[in-house]
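One structure coming up, written as structure tokens, with questions to follow.
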Amino acid sequence: MSYIPHTAAETQDMLAKIGVASFDELFDAVPAGQRFPTLDLPPAMSEMEIAAEMLAISEANDHAGDFAMFRGAGAYHHFIPSVVNHMLLRGEFYTAYTPYQPEISQGTLQATYEYQSMMCALTGMDAANASHYDGATSLAEAVTVALEVSRNRRKKIILSHAIHPQYREVLRTYHQGKDIRIIGDRGRGELVDLMEMLDSNTAMVAVQYPNFFGQVEDLRRLADTVHASGGLLVVVANPLALSLFTPPGEFGADIVVGEGQPLGIPLTFGGPYLGYFAIKQRLVRKIAGRIIGETVDVEGKRAYVMTLRPREQDIKRERATSNICTNQGLMALAAAVYLSLMGKNGLRQVGELNYHKAHYAAAQIDRLDGYSVDMTKPFFNEFVVACPRPIAEINAALLDAGVIGGYDLAQHYYHLPNHMLLCVTECNTRAEIDRLVDILEGLR
Amino acid sequence: MGQWNTPAELRYAKSDEWFALNGNVVSIGITDYAQDQLNDIVYVEYRDAGDQLSAGDSFGEVESVKAASELYSAVSGEIIDVNTQLEEEPEVVNADPYGAGWMIKVRIDDASQLDALMDAAAYAAYCDSR
Amino acid sequence: MSEPIIYDLSAPGRSGVNLPAPDVPTAPLPNELLRDDLPLPEVGELQVVRHFVRLSQLNYSIDTGLYPLGSCTMKYNPKINEDAARLPGLAQLHPLADPESCQGAMMLMHELQSWLGEISGFEAVSLTPAAGAQGEFAGILMIRQYHIDRGEPERDIILVPDSAHGTNPATVTMAGLRMQQLPANAAGEVDLDALHEACSGENAGQIAGMMMTMPSTLGLFEPNIAQVIERVQSVGGLMYMDGANMNALMAVVKPGKLGFDCMHYNLHKTFSTPHGGGGPGSGAVGVNARLRDYLPGPVVRRDALPGDAAADDEVPSARYDWHMPSKSIGRLKAFAGNFGMHLRAYAYIRAYGGEGLRQVTRCAVLNANYLREKLRGEYALPYDQTADGARRYCGHEFVVRGAFDDAPGVHALDISKRLIDYGFHPPTNYFPLIVPEALLIEPTETESKDDLDKLAEAMRSIAKEARETPQLLQDAPSTAPVRRLDEAKAARQLHLCCPAARPGA
């Protein structure tokens, strides 16, 4: 049957060795009245039938393979070199587990160390861990670190409203059992407004870079002001944007977190993604989750191992600050392979392609009657378009023409009706962009 | 005679810290038994000098490769000094738990606080019994 | 030979990708916001391929051998599921697609929700938790909010057996509640006297709930489970089940029908989604009627459409949409869970059907009991009898004592490391904590009798070596890519980042 190798004869031999006549005897400790229920599930399928079923489900979706994709808002359609998938399909990587036995896990350990190193390179930070579930949970874990750093004396968390709305929701979910205040993101606050909220009770300020609206802001003054008040600056950064823009480590971020999905990980309807978490050296022992360090074996040979282990839940139990156990190991591997292939020049080239195509699209759309693009601040590959009609109508018309339109900002920002967040990446050809502009022009 | 060193001039807590009174200042560290149980100590962290401690408070944490333990003060008072050398060289706690491996110094008002703690003989017996 | 670090393969000007030139006019870059340096390596495509293939060869994996890592359920990961995950309509689907554009994916999630509910006897399931630990966190937050809504915020104690996974107590703390540990009795079961004590007097009104693993982390079915559940619920507490060991329960018992209020599933264990070298996992959470409105969201809701769908296959019979439960504890991830794991679990359940899943559990339990019998006499088997001295069988895993009275210098870790030399992945070491020198062994149903016989033979041989040539164990492994590591050095002198990756390097 399916993936079970037992023959009838073997099963009988094994039952005899145990000394029972049937399988059922092995379950005699289960309450009799509840034992062996029927499961009302669809009947078993052969591999051929499964392949057909999965294909049918796949084809019932409108995806970036068939449609021109202009939606981002935290999940991005980027080019993934073929090598990345081939490496992920190595059974030695994807069918291994947590490297508890370092002697036979050096592949996972070294690849993760390389991932950590390249995330430090991108962010300008001193150390990165082996990953969290996604960008949102990385941000939530940053709050825990900030509270710990203040020894739970500071109780205020200040968030910019220009952080991804769903990240802010996750942060609130994580900390609902704690006696802290989370403020700053209810209005349209600019960076200066966040600075005014700072006080000696503030554990951290978090901002997004580029922010949710795609804009790249100069965060130097904010960093200095936060530090003067004794809090931490946490920056949620799109790692692909860091191919071009000043790394947060350089302007004083204490923790940099974010979504690693743009680095070689497919959209897959929202996950698995890659929460990256990078930190300054002086805070490194507060980091949650797994982290890989270099050491030597008894013969002096260079080797890698999970380190700072006593902070983790399996050792520290109720005194641990996070219960995280699995990370997104395979996705960290994807990012490591992607960054190795791209390298210094390739990644910058991808960043520039995003920048130029987004700016071309923004300029074309801004010329249309009834549309205007907010170009008051520099932006990377996303920008806000004020539209003449509700976004749902525009997106429906775009979809009919084979285009997946932007994200409807009114869903979370009530002051932005008829505003769309558009995303343009290296995957969008000039022809696609021109088609988008043409359709929009017809929708005045 | 136990297998662990327990200097006669010190006082001991059940949570395996030692206490040395010098005037109105108590030095605190962990015992030879504790460092042996923890094995390779890799990190030590304390609260800040200037903090007030009440008897029974945690004053920090010690980590080995496979374990993390809270450090407890059996006395009340103000932390006046911490051993910063251990932040760089935590292995000193393994090598010299009663000397260079001291952790914090606490100024106390009332020396009688130490009376409730074990003496060396009682502590040695306590270690042997575990 | 060790494999160089990727930075050591770097040479200026090399590249591993071939990208197109811009097909649009270029825009001026904002110089004042740009970085100076990007310290990434520069490596050719073939060199990158060889580097990561060589690294992969330093790993032990299910695809290369038996992986009896207790409590992790390292079963075969079907290849067809990897193919399915790479279909463009699944891999290239945007999480913020309009519902009309992703009805296939939402149907899949809806079916998986209802199948998981059926398998465990729960009313409702949310797929959003990214891992078992996040499922636990969701469960305890739901229990917390349930008591608050009933006007009993003082209920803040969660009872946790001392044999529990470390995630259980850590979860309780994370949710802002207090853990009270319950000792095991001499048979490794919940000590009913201690439970009664904890549920009495002033404590009774503070009990929020209890977390239990079924079968327990010793691999044993709790014979008094009905009394435990009854006792906790009688004082107003809710029962949470850690579903890590669900591979011993499918079509054997439904936790929801036993009386549990809530549990998490580990799709990467029971439902064979790959472990990925440490993740991604997926930790769906199921609840009974009283907690369903508290589920983390969004969940997928199915609305039947009017019309006679049966007569025409082209007309959809239902529309699927996102739904945030009315009292939801909130969102746990930016998007709706690890969909890539959902689709693999969907395909896995599809391959077996209900009776097939019963056979999965039967064979998982058969393999564990068989291996345990093969080791009897060679290794001590703690908690081998019930409290009244009767014979007992294990679930899908079991514990042996990894030490011998006549080989005092040998520890469980040495046995594990020696198993590497024999070509096997070691069992879980030093867990559960209540068994000194524990080795927790979980063979899973996808291992054949032949391979179990070989593992038993290796363990018997190691037991002999422990007495005759203990140094062989203490020096092991000798055949792995590296020998035992200096973990103290790794923790004292933290090297977490390659120096070449630092700015200005």
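All chains are identified by letter, namely A, B and C, in their written order; residue positions are counted from 1 within each chain.
Keep this in mind: contacts are C-beta pairs under 8 Å (C-beta built on N, C-alpha and C of every residue); 3 or more make two chains touch, one makes a residue touch a chain.
Predicted model, so just to flag it, every value in this text is computed and none were measured.
Chemist: Using the touch rule stated at the top, which two chains are linked by the largest number of C-beta contacts?
Modeler: Contact tally peaks for the chain pair A-C.
Chemist: Measuring between mean CA coordinates, which chain is farthest from chain C?
Modeler: Here the answer is chain B, farthest from chain C.
Chemist: Whole-Å distance, chain B centre to chain C centre, using C-alpha means?
Modeler: Measuring from centre to centre gives 39 Å for this pair.
Chemist: Let me have the rounded angstrom distance from the C-alpha centre of chain A over to the C-alpha centre of chain C, please.
Modeler: Once rounded, the distance between the two centres reads 20 Å.
Chemist: Give, as an integer number of Å, the spacing between the C-alpha centres of chain B and chain A.
Modeler: 43
Chemist: Send over the residues of chain C in touch with two or more other chains.
Modeler: 487, 491
Chemist: Using the touch definition from the top, which residues of chain B touch two or more other chains?
Modeler: 43, 63-65
Chemist: At which residue positions does chain A touch at least two other chains?
Modeler: 309, 315-316, 319
Chemist: Given the complex with chain B, which residues does chain C contribute to the contact?
Modeler: Per the stated touch rule, the residues are 487-488, 491-492.
Chemist: So in the complex, the part of chain A that touches chain B is made up of which residues?
Modeler: Residues 151, 285, 309-311, 315-316, 319 of chain A touch chain B in their complex.
Chemist: Can you check the complex and tell me which residues of chain B touch chain A?
Modeler: For chain B paired with chain A, touching residues are 43, 45, 47, 63-68, 70.
Chemist: Sort out for me which residues of chain B touch chain C in the complex.
Modeler: Per the stated touch rule, the residues are 40, 42-43, 63-65, 90-91.
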